[in-house]
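Have a look at the structure below before the remarks.
Naming follows writing order (A, B, C, D, E, F, G and H), and every chain is counted from residue 1.
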Amino acid sequence: GFAKVDHHRELRQGYPEIIYCQGKTTEHVVGIVKSMLEKGSNILGTRATEEMYEAIKAFYPVVQYHPLAKTITIKQKEQEVPSSYIVVVTGGTSDIPVSEEAAITAEILGNKVERVYDVGVAGIHRLFANIDIIRGAQVVIAVAGMEGALGSVIGGLVEKPVIAVPTSVGYGANFGGLAPLLSMLNSCSSGTAVVNIDNGFGAGYMASMINHL
Amino acid sequence: GFAKVDHHRELRQGYPEIIYCQGKTTEHVVGIVKSMLEKGSNILGTRATEEMYEAIKAFYPVVQYHPLAKTITIKQKEQEVPSSYIVVVTGGTSDIPVSEEAAITAEILGNKVERVYDVGVAGIHRLFANIDIIRGAQVVIAVAGMEGALGSVIGGLVEKPVIAVPTSVGYGANFGGLAPLLSMLNSCSSGTAVVNIDNGFGAGYMASMINHL
Amino acid sequence: GFAKVDHHRELRQGYPEIIYCQGKTTEHVVGIVKSMLEKGSNILGTRATEEMYEAIKAFYPVVQYHPLAKTITIKQKEQEVPSSYIVVVTGGTSDIPVSEEAAITAEILGNKVERVYDVGVAGIHRLFANIDIIRGAQVVIAVAGMEGALGSVIGGLVEKPVIAVPTSVGYGANFGGLAPLLSMLNSCSSGTAVVNIDNGFGAGYMASMINHL
Amino acid sequence: GFAKVDHHRELRQGYPEIIYCQGKTTEHVVGIVKSMLEKGSNILGTRATEEMYEAIKAFYPVVQYHPLAKTITIKQKEQEVPSSYIVVVTGGTSDIPVSEEAAITAEILGNKVERVYDVGVAGIHRLFANIDIIRGAQVVIAVAGMEGALGSVIGGLVEKPVIAVPTSVGYGANFGGLAPLLSMLNSCSSGTAVVNIDNGFGAGYMASMINHL
Amino acid sequence: GFAKVDHHRELRQGYPEIIYCQGKTTEHVVGIVKSMLEKGSNILGTRATEEMYEAIKAFYPVVQYHPLAKTITIKQKEQEVPSSYIVVVTGGTSDIPVSEEAAITAEILGNKVERVYDVGVAGIHRLFANIDIIRGAQVVIAVAGMEGALGSVIGGLVEKPVIAVPTSVGYGANFGGLAPLLSMLNSCSSGTAVVNIDNGFGAGYMASMINHL
Amino acid sequence: GFAKVDHHRELRQGYPEIIYCQGKTTEHVVGIVKSMLEKGSNILGTRATEEMYEAIKAFYPVVQYHPLAKTITIKQKEQEVPSSYIVVVTGGTSDIPVSEEAAITAEILGNKVERVYDVGVAGIHRLFANIDIIRGAQVVIAVAGMEGALGSVIGGLVEKPVIAVPTSVGYGANFGGLAPLLSMLNSCSSGTAVVNIDNGFGAGYMASMINHL
Amino acid sequence: GFAKVDHHRELRQGYPEIIYCQGKTTEHVVGIVKSMLEKGSNILGTRATEEMYEAIKAFYPVVQYHPLAKTITIKQKEQEVPSSYIVVVTGGTSDIPVSEEAAITAEILGNKVERVYDVGVAGIHRLFANIDIIRGAQVVIAVAGMEGALGSVIGGLVEKPVIAVPTSVGYGANFGGLAPLLSMLNSCSSGTAVVNIDNGFGAGYMASMINHL
Amino acid sequence: GFAKVDHHRELRQGYPEIIYCQGKTTEHVVGIVKSMLEKGSNILGTRATEEMYEAIKAFYPVVQYHPLAKTITIKQKEQEVPSSYIVVVTGGTSDIPVSEEAAITAEILGNKVERVYDVGVAGIHRLFANIDIIRGAQVVIAVAGMEGALGSVIGGLVEKPVIAVPTSVGYGANFGGLAPLLSMLNSCSSGTAVVNIDNGFGAGYMASMINHL
């Protein structure tokens, strides 16, 4: 019975092992990384600090840190990469940390990723100027704070699955991302689903799953 | 001192007297209408029932009822009407009752009104097909439920004051209009202000004030 | 420019035209259906009443009504159907109306759909008894009210994209579906995205998009 | 098509370019300012730190910093200024930072601005003592925290458009500005619209638009 | 010990016995009334239906029903009535049911009550026209829905204890009385305390206590 | 007219002038204090820092600071003090800062105050041990965080006006004082009214008003 | 593996089978009851209508209906009943439906139950008058709406596990039971845990589990 | 009477005295500890800092500090310990501080405790691998943040009372533990009750009560 419960995890062997570093000590993260390295895994650490990176670099120099995304990545094995790509679109420049978390997650999971940043609805001509690259993608990740209208607008323009990521960018009645979250959940455009506020990782993971089908 | 407190109300003489009919009995509304008619006022009744209309028509046959807007209007005097116009834009057809309340309010207050309905962001080409009439207005009223993205998109396309009206159209995480309300308050487009959920009257009144400046 | 904005809609020609019937009169719906029939379209009406169905059957007898899902469907053209299938899983029997909306949406959009109902976490052995059919799907739609734990549990067991649909089934601190909505958004299982409370249609549409990639 | 989408932006050439400095590094802001200076634009930076100001002053000494408003302004060209004025009214002294953001925004956009501060409803005689200057304005910006009653009281006294700005001043059941926000949205005085909590910039921008009609 | 716990109830003998009728059957209420009549008590029934009143009148004809307040009162004994009075002030006419509940509660508890209705801040001159009768009271009950600004304005004008009663009158972002509740709790005027939404009874009871000190 | 609006403030001359120090600089507070001293007023500063106190002591050595209450008091004139007293009751020791703000406010306004601290319902025998001093008061201030049950229990035991003060003491689903706030507003005991979360000042002020009637 | 997952259900054989009737048709419920009767099970149907009861009585006359609790019970086998008892305590008479659901659930699960009703904190002497029967129980179920203080007070008086059930009895800022729910979760008395609003069944089930340990 | 109110506390003599250290100064805690030591009590201090521990160790060296749980424990007397045990289960490693507070509370109250950590539903096979030790317990404490599904899953698998503890672990739409709190309250598994967010102490105390019955 349990073999049954667990057997799908074998299929994930090519995947990186993932560490959610927030709330862990540097020592804890280093320990996890060391045991993963022994298994030969690719590694993705999200919400990682520069200090964690330095501690890993000390014994494994080819580790990479992405300060905007706050991710640590280690590539020991090649992944099979589909020819189709994922596009990550943001409303503003403040949404970039979340979208970089999404993009790097998708890349380490074996995907080509295009970035189209700062094309929010306040200046919608910027979105249209990039519409072909967005429509060419297999999956769209739409990252936006403030009122989160970007998700709906893209959903209406593109006939591909859209994963909307609300961010906590904003103030006042934004309530820490509640405004774009509700906005995205209520999108009147079909073909959109939503992940948690600031959850770039979750969007990148879901997009990768879809891109690998 | 009190003369001072009150003297601005003279300036409003040309304005209709306004009755908020919700929660009032038909008899109460009829009584108010009768005393206003004696003063020679134009009259606007909002949130009025058909029964109220019938009761008024019985003694004042030229009264008008607008079933979608649920408004009663009586015009006894002419109003001065500016040459510029107000445009009322809606996301969907379900938003029409609220926008008709706005439009009829603006009309009885002495304004030309253009209606551009059902041009929400799920099919944004419909909005662009009407962009000239929207841009030609002195003030824009943007009425939308669901996620309320229409407000931001119009705000980004038009260099005129936009009054955004969230509606309670939607379900689930719409929470009775909370989603479009927060969305509109957080709009990343400049030049937008917001009225209460379903408050077509308030938007029409504010737009009229601006159009008469 | 506008041709550009709109040209992707041609790709949707095979798709059914979709009517959201809630808040529309029977006459309004009948009118829309008639004009769609002329164009030769397949038709999906969601949140439709039996009265609407009867009115359409009067002039177009092969129309189908699904009382649980409250959908009206008309098939005039064949759709291309992928060999892979979508599975719709529910926690309880009260979630069936929402999941039928999802299933019928997916079917009219040209998908094979498997239903696995009433396998919620209170009796988790029922879920395991059906795990193979769930794992065999291309996309999983997980529909649950109450606390919505089904989404996370399936997410942890299946390496396929999961679209989670919170339902308003429950009472008290369920707050009309808020509890399963938050639960699903916070899922600690990767590969899950969420649509609005009770939005079976949205889940079916998104799943179809993914299944057609 | 796209020319059409964008052409209104030409009309904005006289306007300052606007930078929302929050969440940007000093280097990022300096870079934006430099490229704007080259274009000969007037510049408004909101939510700017003193450090940003010092960095700009180093190469462009006539830049101005307004510590209360936390704005940076640079005036390279003259703006046409209407003869009518905007009045900014606050309930208390703690609301001054937000109202200064509104006032300076309106000024850099080419408006005369009058300030009437600390006239909240706890001491309503102070409001009456200033009623003539408020009534003389073309547009009123009413800035208040705590319970936000100022918006309604002014709305009832003045027959001009009122833009109400809730502030996050308060504690306990103020919930970060939610109390005055709801209060202002529910105002029983006609002619009031609301912007986001603490959004002095948005109110100043909207008021300027109205004052320039 | 228990005698101690309970002995203060003797002091209340002059007081009416109070029945909260909501959620009780007519038979249940009739039963309670009969046993109270035997004890010779004065009786106040709040949230009572006309049916309950008719059932009581059948055997006790001098019972009184107040349809606006939905209260039933029976006076068997005289109460001592202080010479000072309580004033009940409302913002609008829709608030009258709640304020009548307050007024009748105060009266049956042995107080003189003055009513000043429909003097909300949208037409603040009406409030000033009645300021002397308000200032002359021992305690002020301020009843208001919508944004609830009346509480603060009266608190600022009157140097007497103000009991503020938010009502559920309003719509949209009023959220069933939440807006005036928060507004009144955050009042920047000293000397105000708040009771539950629509709790006219509680305000009348508290005011009576104060007036009897 | 305005004399009328303002004339009641003469009645307050015996009262201290009150400064809400939060959000003011030390210099600002010092300036206000100096000008009040010239007028011969008694002074109450709430939410004051030790630094503010030191700055005032430098030029006015008899100023008093109450570190728990964070209040500054200066007494230049005697106040008339009623023979009846106010009692301040707290649930726990963590509620003492808020209740000291209430107590000191009441004292500087000219009242005798009794303190009964740490008698919350988790150990209700402590409350009974102090019931006589509570029942002997003219007004009761009940200060409690956590679930705020103290307000209801005292309201049920005492036939005097109770002013309930919710505090932000607690964690988790306390939501910054929301739990005791709602609890106190819903009290099933008559004779209770509520002030804002942590608003000891407001409770002390209201209690003083009642005690001086 | 699965045998393992499921084997504990055998232990439940003595237990009744439970049907949550809300949202099910009478036919559906009848069908479930028939198949359970064949298995010889005891049956508990909660949230059942009188119509469901009549339909069952038609073929199984000894079925019992409890109109207050809205439960259907059928006893085919004897249960072992511990000598200790469960006490169900309510604040008011309006809480009785919820507490009867709890009591009947506990009884059909094989427990002796004592009922102590209408002993809320507004008249706390009634609680003390019943304290011995409460303290004598093995588990206490405390059912209360309004502010829910009963839970804390009992928790402080009794050294036994308390299961607190908030009810939706109340109005205004009760928010459908949110007030007593938060109150009970924040209880400052140790030894209390909480179930969902109005979930009498859940409390009875949990209490039975504890009483059978 | 009062002897009656209080007499059950004698039964608690074997129990430790408990100090809630949060918001207390080190001096205050030291003072309380000293007076408890004199009485010969066992002591449990929760939410204690390392500084408090050092201050106590200075005069009472055998005191123990548990840095994860942030508890201080002193054992002066032996407690009677039942042969049955309590199991504490967590979803993730971040939930360990809360579950250690629960475990240590239960231990100092005289219970055997088993810990099963990091077995959340994202990898449900880990839960099954530990199912026997969980089912063997007398009471289960289920500690989880994120979406809190662990509570329901365990409730469905185990026929013992489950005390669910939501934690504030998570981000975005977790809203400080609201998501798992609502999830646990709405659990569709019978036999679960809930304590406040992060209230490990309360769960440990309740579990101990049940284990000692």
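By definition in this document, a contact is a pair of C-beta atoms (placed from the backbone, for glycine too) under 8 Å apart; a residue touches a chain by one contact, two chains touch by 3 or more.
Since we're looking at a predicted model, the values are computed, not measured.
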(request) Enter the minimum step count from chain D to chain H; a value of 1 means the two chains touch. (result) 2
(message) How big is the rotation, 0 to 180°, that puts the C-alpha atoms of chain A on those of chain G, in steps of 5?
(response) 180
(message) From the C-alpha centres, identify the chain that is farthest from chain F.
(response) C
(message) Please tell me the distance, in whole Å, between the geometric centres of chain B and chain C computed from their C-alpha atoms.
(response) 36
(request) Please work out the Cα centroid separation of chain C and chain H, and write it as a whole number of Å. (result) 43
(request) Using mean C-alpha positions as chain centres, tell me how far chain D is from chain G in Å, no decimals. (result) 57
(request) With chain centres taken as the means of their Cα atoms, state the distance from chain C to chain E in Å. (result) 51
(message) Touching at least two other chains at once: which residues of chain B meet that condition?
(response) 1-2, 4-5, 124, 128, 157, 172-174, 178, 181, 185-186, 190, 196-197
(request) Flag every residue of chain A that touches chain D in the complex, lowest number first. (result) 93-94, 124-125, 128-129, 169, 171-174
(request) Please give the residue numbers of chain B that touch chain A in the complex, ascending. (result) 91-92, 120-124, 146-149, 151-153, 155-157, 170, 172-175, 178-180, 182-190
(request) Enumerate the contact residues on chain C facing chain B in the complex. (result) 2, 5-6, 22-24, 166, 168, 176-178, 181, 196-199
(request) Please name which positions on chain C make contact with chain A in the complex. (result) 1, 4-5, 8, 11-12, 18, 128, 131, 135, 138, 157-161, 163, 181, 185-186, 190-197, 201-203, 205-206, 209-210, 213
